[in-house]
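Letters A, B, C and D name the chains as they come in the text, with residue numbers starting at 1 for each one.
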Amino acid sequence: MIYFDSDYMAGAHPRVMERLSSTNIEHTVGYGCDDYTKVAATKIREACSAPDADVYFLVGGTQTNATVIDALLRRHEGVLAAESGHISVHEAGAVEATGHKVLTLPHYDGKVKASDVKCYIKEFYNDDTYEHMVAPGMLYISQPTEYGTVYTMAELTELSAVCRDAGIPLYMDGARLSYALSSEGCDFTLADVARLCDVFYIGGTKAGAMMGEAVVARTGVLKNFFPLVKQHGALLAKGRLLGLQFDELFTDGLYMEIGHYAVGLAMKIKRAFVDKGYEVVVDSPTNQQFFRLPNDVMDSLKKEASFEVWGTRGETHTVVRFVTSWSTRDEDVDKLISLIK
Amino acid sequence: MIYFDSDYMAGAHPRVMERLSSTNIEHTVGYGCDDYTKVAATKIREACSAPDADVYFLVGGTQTNATVIDALLRRHEGVLAAESGHISVHEAGAVEATGHKVLTLPHYDGKVKASDVKCYIKEFYNDDTYEHMVAPGMLYISQPTEYGTVYTMAELTELSAVCRDAGIPLYMDGARLSYALSSEGCDFTLADVARLCDVFYIGGTKAGAMMGEAVVARTGVLKNFFPLVKQHGALLAKGRLLGLQFDELFTDGLYMEIGHYAVGLAMKIKRAFVDKGYEVVVDSPTNQQFFRLPNDVMDSLKKEASFEVWGTRGETHTVVRFVTSWSTRDEDVDKLISLIK
Amino acid sequence: MIYFDSDYMAGAHPRVMERLSSTNIEHTVGYGCDDYTKVAATKIREACSAPDADVYFLVGGTQTNATVIDALLRRHEGVLAAESGHISVHEAGAVEATGHKVLTLPHYDGKVKASDVKCYIKEFYNDDTYEHMVAPGMLYISQPTEYGTVYTMAELTELSAVCRDAGIPLYMDGARLSYALSSEGCDFTLADVARLCDVFYIGGTKAGAMMGEAVVARTGVLKNFFPLVKQHGALLAKGRLLGLQFDELFTDGLYMEIGHYAVGLAMKIKRAFVDKGYEVVVDSPTNQQFFRLPNDVMDSLKKEASFEVWGTRGETHTVVRFVTSWSTRDEDVDKLISLIK
Amino acid sequence: MIYFDSDYMAGAHPRVMERLSSTNIEHTVGYGCDDYTKVAATKIREACSAPDADVYFLVGGTQTNATVIDALLRRHEGVLAAESGHISVHEAGAVEATGHKVLTLPHYDGKVKASDVKCYIKEFYNDDTYEHMVAPGMLYISQPTEYGTVYTMAELTELSAVCRDAGIPLYMDGARLSYALSSEGCDFTLADVARLCDVFYIGGTKAGAMMGEAVVARTGVLKNFFPLVKQHGALLAKGRLLGLQFDELFTDGLYMEIGHYAVGLAMKIKRAFVDKGYEVVVDSPTNQQFFRLPNDVMDSLKKEASFEVWGTRGETHTVVRFVTSWSTRDEDVDKLISLIK
């Protein structure tokens, strides 16, 4: 069987695994106060051209979103997000469990529009009863989005400007940030992200790490974050395991290499489906690809390749998703392509 | 330098590490729905002689406590715990963050007494205003306690009986359960724990795993636990990593072997200090040892050995803690002993 | 000036006020344990033909919604509601503050459709990832809705059936229930409401009381409700004040008399606007009436009558709301009608 | 029967009741935006010599405590309070329900010592693991305390200084503040309270109002408080009812008159018990008096007077509480005294 279900089906990138193995019996202090973690933070600051940024390492994505959002919002505030956003749909109410409403905006292939954000905030404060409603206290975006799409530099710049005008922080969920940065036509860098966002995270779990997400924040934006991380159950006792992994990912460009590799394979898959005349559902330049296939074609593929149905099976056609990662082999992609009738 | 600071300073036990390495590039489904995790759960059920128990794998201790307690309590209830309990002191308010009060009981070297629990509940319901107060909805104990002490079979049996009489669940925090089961004079088994508790967890992080805690619950006690785990940010995407580690820990008795090894070294350390005439602060039969040392003795030891001060430095004497684990070497213990003047 | 802004602009109905005055210096026990409160509960049970119902008295509407919803839901669940529902929009995130998501459904003049509820629940459990999402744990409806519309007996019956099939409670926000029961064409009674809902409240604040809402629940549905009411800050120390008011409201049909009186005046206002050719925005049979008026007409009316703009002022026309209550005088309505050009 | 159970057994002081009656049919805007409420706030600012203070009116005490504490604390912080404090014991976990721990201090007849507060904070930050614990984010005191005792000017000054040195707000629960200000030997004024505290509330419910508590805060300390009040279900729709009552209470010194009257009667009761040789349990200078009575004396008194047992009935002696208020009649006190054997 060849696998395209998701980018978290295998363990860690071999270099990351090797790093964990080779340091395994060393003794260091816990909770991320060790030197490996310090080095990792420094490398991330460098990669972000943000020498003063605060960097924290947490374990998983939902956990990171809930902790950051809880840290950024005041009690009467909610978080603006696309109605398709991960926090809106697929985090089992983790944000609400911390007491905050997710205020939804329309999405366009997973993205929110700056004009919609601006309009929401304007209308909110124009409403005489706004103090009876939940105030928009921050904006959440995912990059790439849950649909694999990527905000352009212009879009990010505009979103950032709208948020700064409104005095609310912009937070980017970068669970798959590696693939956005490696996407075809990507016109921004990690430094741009660090400059335009107030807080964002560099996803490790889906890009070569066993687990781990690196939160990057403008200095002082995340006040008293350490105890909140602990309170949220997001503080790993053997914190150096996260530091070590990010240290390796940010050595010799591994993080970007992983992204480029997976995106390259994804583009190959996309072209193959397009060449065969199948419908691309969302024009994603990243490692997730969505196609609408006739059910017989899908069923036939399913016999030799593993991938997810997106939503529910249609009567005649069904949307499916193919995901690549560092663990996808070139020959698996070739095999898949050969299977497409 | 030789290290006795804690049992979470190194990575994973070599066998666990090897297991993660050898399976690293395999593809499995996420979120703990893979076969390795199923096997681990089965082995744990067997080790507990609890064929119907529900088993879940979470990442860390504070997270596990908060998630389980949130699952067990109704909104108007709180959790009874020793005032020295980890949830009372060292979890940054994680339990309160889920909306529940920690109701504290006096502790005796870290342990609670069944008679105190019984009395608390009786007095509570005898108070005419009890509906204006927080109802005791469950009991939390740690085994071993934060002081390294261990509840005996008789004590556990009594606590269990009091809880069942009162109709509240008994939950055991087993972050270091391996060391309690391996302690000198231990008169109970994992099967006894499973029989007497409603929910408990088998700690991995402090006993050979990189990270991971295995929650074991009587059938159906933890209702709708999966979405709660997700909501608490405690669901690892690459869930098999937890399954694999516990699978290995519960193969050929590794989990107990780790405990016995560390406790053996701890006893050796204890005897050495006792032989030299130093005061044992708490008579701990597990891998944590507490001594009150003259400050000059402590300062001298500190030059070649790393260990924690327990509380604050006293004027003439200070309490210190030495902890052993699978990663403590026999020769390190010998070296330490040679350093004791 | 004549007033049509809302139904909470005056104090209490004179009979209610008189009752509070005449009993003012009596001494009774606190927290609603007094006899007046018992009598009020009994009268409400009778009015509902629900001799076994549990009855509780809280102070205000948002508070009642948050407390009841918190009591009914388990931690991983959310509450289904119309996107226009009071809890979705105008309660400052009170539901989310208790940790629960409001799951929105489309609304039709403020009402939800049973078919939409059914479909939501079905699709939810058909989704393979449903355990990563917030489970629909109850349904919230308001009767009348925020648009003044009323669910018919058939609609209520269908909603109740869908909920019972799905095993989730149906909760009705009856802040203005008096006006629904008194609406033109109303085809259900309080007994029907009690039979079809699991929990609902009979609004006092907007129907003759100074403050106070009476929660009616099927026996045992609201477990441990008293401490939750206390925890939510919803327990009035001088609880008899709520009991006394509802005792009076449910003596000699006062509660319904108040509704009929206000609805009668509202219908008079509606007919007057219709007769003059103005647009009725929502066909409300209750004490709230919505019209779209040319701005000059609205501005002219504003000089002598007080009423609310609904939403924001339009370029040429604006939607306005007129509300009646026991405190609206017949001559004020006549005056208003004479002002309509 | 004569009543000494509590100070919330009757309705409102006749002047307050008359005020509510005489304004009953007026129409005003809701939610406390009316002129009566503005006037009340102004009078309170004057009485506090705090022309810039922010004043808010909420409904009840537990609600006020939970809302203020939620507003003052950041997510990782808890509230310091006497272990006997109302929020520690008798609010059904309302503070914890908002996610915050109550950090308890020893009490001395209900009072906390500034030195204990100082010491707690110092030891907290001296602990290397303080970021794993709940940070003391504010101090809660009640004045008078739950034992009827009163902090002196010197004590308040010292508590205020300790809090300001530590950079945490001092919050005073003034549910019975009228009686503290009217207590024998009281050496501070409302202006002192306003100067020394960051936030406090002037209790209405227990001092002449039907319900209502007036929160007074140093300018800007309670940020975005209105939406939080709404979120906590503490915003009364007919908000003017609270304004009107406080307007009356702060007209011609009624609030202090009520206090002096009740305290005068309480002192009379205390002297009578002392004269007969009974033990005063706490030396309270306010409207609550605690005596330890032989059970036969208590049982005999119970036949003609209503009062509370404090705690549980002892074998031979029992502690009882007598409370006075504006509604206690002089002749009732005389009657009580005549009953004391």
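Observations, loosely collected:
The criterion applied here is as follows: contacts are C-beta pairs under 8 Å (C-beta built on N, C-alpha and C of every residue); 3 or more make two chains touch, one makes a residue touch a chain.
As the structure is a computational prediction, the values presented were derived from the model and not from experiment.
Simply put, of C-D and A-D, more C-beta pairs touch at C-D. Taking each chain's centre as the mean of its CA atoms, B is the chain most distant from chain C.
In terms of their C-alpha centroids, the spacing between chain A and chain C amounts to 42 Å. Chain D has its Cα centroid 33 Å from the Cα centroid of chain C. Chain D has its Cα centroid 50 Å from the Cα centroid of chain A. Among the residues of chain C, those touching two or more other chains are numbered 75-76, 91-93, 97-99, 131-134, 227-228, 230-231. Within the complex formed with chain C, the chain A residues making contact are 75-76, 78, 89-93, 96-102, 123, 126-127, 129, 131-134, 312. On the side of chain D, the complex with chain A involves touching residues 70-71, 74-76, 98-99, 131-135, 223-224, 226-228, 230-231.
Within the complex, the chain C residues that touch chain D are 3, 5-6, 8-12, 14, 17, 20-21, 23-30, 59-64, 66-67, 91-94, 97-98, 205-206, 210-211, 227-228, 230-238, 241, 306, 327.
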